[in-house]
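Just so it is clear, A, B, C and D label the chains in written order, and each chain counts residues from 1 on its own.
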Amino acid sequence: MNPRRRVVSIIGGAECSEKEVQIAEELGYLLGEQDVIIVCGGRGGVMEAACRGAQRAGGITIGILPNLDPSEGNPYLDVAIPTGMGHARNALIAQAGQCVIAIGGGYGTLSEIGIALKIGRDVVGIGTWEAVDKSGKMIKIMRADNAREAVEFALGDSLSKNQ
Amino acid sequence: MNPRRRVVSIIGGAECSEKEVQIAEELGYLLGEQDVIIVCGGRGGVMEAACRGAQRAGGITIGILPNLDPSEGNPYLDVAIPTGMGHARNALIAQAGQCVIAIGGGYGTLSEIGIALKIGRDVVGIGTWEAVDKSGKMIKIMRADNAREAVEFALGDSLSKNQ
Amino acid sequence: MNPRRRVVSIIGGAECSEKEVQIAEELGYLLGEQDVIIVCGGRGGVMEAACRGAQRAGGITIGILPNLDPSEGNPYLDVAIPTGMGHARNALIAQAGQCVIAIGGGYGTLSEIGIALKIGRDVVGIGTWEAVDKSGKMIKIMRADNAREAVEFALGDSLSKNQ
Amino acid sequence: MNPRRRVVSIIGGAECSEKEVQIAEELGYLLGEQDVIIVCGGRGGVMEAACRGAQRAGGITIGILPNLDPSEGNPYLDVAIPTGMGHARNALIAQAGQCVIAIGGGYGTLSEIGIALKIGRDVVGIGTWEAVDKSGKMIKIMRADNAREAVEFALGDSLSKNQ
């Protein structure tokens, strides 16, 4: 019986800036080094970069794909889970990690942040959404300036807590 | 062959203020009067009030429930669809309506707004989330001050477009 | 507060025989006459015929579609719920009705029968799957010879029990 | 860039016989030896035994859980994916592997077999369901007498084909 592996969900856009690619790749590398499994949406952009970084460090990557065709996953997935569930699979990504790290991202990422916070997951954000509810309360995202800081937040606090 | 019915999704918190209850009930009434079917998460608060209003006007209400037990739905549902899918059912609610109207709401509502915008649905908001992405761009929500205005936005623009 | 409507799920193939079309249409008609709401997968074949019959009798029809495009639904749906969830939406169809009626059908129908029985729904079958588990136990399907008998099983037993 | 790992889905009852436990454990072991990743429903019985066998051989195991609580997974999961989706998660299990191996099983297993066949996955069965459609056609399951034969079917045919 192996200990359950630590899992971090990485969310962010399939389209993203070069800067975000670098951050995501470093993030994947740092988590892979720590033997943390990466779960993501399995597509390009931030997701692909994070997987590439994780595999460089010997880590394992899992992509929860929106469609049924596993070949749509990026080339750096160890395991592709083809859900065929479209956007409803966003909930699975948000729930899979003991912590969720968001890099930039669009509306899909916003929906994943919503689900993650709804179920009490820690969310770490690098240059991602800000949101304010009707009463003026900000969403609870731990803001990190770079990959190293994000990993510290994730491994220090969230993973020890939610494992 | 009947014409396909117009459907509006109403989202918002199971816990909400008395003011929000009033708005939601009026909203449901106005939509029911127009023979628009209400889809919601089927629980209490904003959802229950909207259904109560819709039924008073002779409208039909559908609740897409998170659990498997249909009796968890509020008493003003004509049809309960017990998904047993938890938060992943939020995507179904966001997708069901030709337009989505948000009243207040918490993290679940935020996730539904994210999905709705992701798939290009018009979102009308009454006292609900504001959100800004990394580049400073605000989410595209049509802001309404009251139920009547929300219905005008929904029926005037969205329903004619997305039907 | 209206009483919750009775709901029956009708499952069966998008491709089917002319005989099955006739049975499905009569089934829909008989249920619609009784003010029972029909839930189905929203596509052609058995599903379309059942919806057509139900609408002829003034009934309401709901299609839980596999894709995101509501226009893929058959023309006899009052409400289309576009899930974008592919085959995972089969569970929703099996769960939606207080009783499930299967007419013929292929592997998708078999999966729906499995889910329905798993959660304890009564399943009525007209010319549909037989299955035997490892111990030689047959699946529990009430076999009907025609639409009228299927409705008697459904309304007599199942709906009064599971409402 | 690592090569995508081969994945086999193992399905079967949470309640099962001692014989099935032995078969499942050997099956997991043989697949783990070949570096094949096991995906299953993450619970007890057949699922737990298969995971235990796989981990003994150094393999990696993934459980796609019905609920949101990862601690409900069996102790031999490397990764728990808590879906909160209930029975709708059966589709994900059936789709995840390039091949599906069924050992015994109840209605949930029957639903997974239905989905797997619907999307064209090879299904290998050891003492599991038989089913016949309305026209008398048997479902297409490759029947194996023991774990070793099941693995030969799975690795010889299915994995080379569907990878």
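Simple rule for what comes next: a contact is a pair of C-beta atoms (placed from the backbone, for glycine too) under 8 Å apart; a residue touches a chain by one contact, two chains touch by 3 or more.
It should be emphasised that the depicted structure is a prediction, and the values quoted were computed from it without experimental measurement.
S.K.: If you match contact pairs by residue number, which of A-B, A-C or A-D shares over half of them with B-C?
M.R.: Residue-number overlap above half with B-C among A-B, A-C or A-D: A-D.
S.K.: Which pair, B-D or C-D, has more C-beta contacts?
M.R.: By number of C-beta pairs in contact, C-D is the larger.
S.K.: Counting only Cα atoms for the centres, state how far subunit C is from subunit D in Å.
M.R.: Taking the mean C-alpha position of each chain, the two centres sit 29 Å apart.
S.K.: Quick one: subunit B and subunit D, Cα centre-to-centre, how many Å?
M.R.: Each chain reduced to its C-alpha mean, subunit B and subunit D end up 39 Å apart.
S.K.: Where does subunit B touch two or more other chains at once, residue-wise?
M.R.: Residues 68, 83-88, 91-92, 95, 119 of subunit B each touch two or more of the other chains.
S.K.: Taking the complex as given, what residues does subunit A use to touch subunit C?
M.R.: Touching subunit C from subunit A are residues 68, 83-88.
S.K.: Could you please specify the touching residues of subunit C with respect to subunit D in the complex?
M.R.: The contact residues of subunit C facing subunit D are 85-92, 94-95, 104-115, 117-119, 127-134, 139.
S.K.: In their shared complex, at which residues does subunit D touch subunit A?
M.R.: Those residues of subunit D that touch subunit A are 1-2, 4-5, 7, 37, 39, 52, 55, 60, 62, 64, 68, 70, 73, 75-85, 91-92, 95-96, 119.
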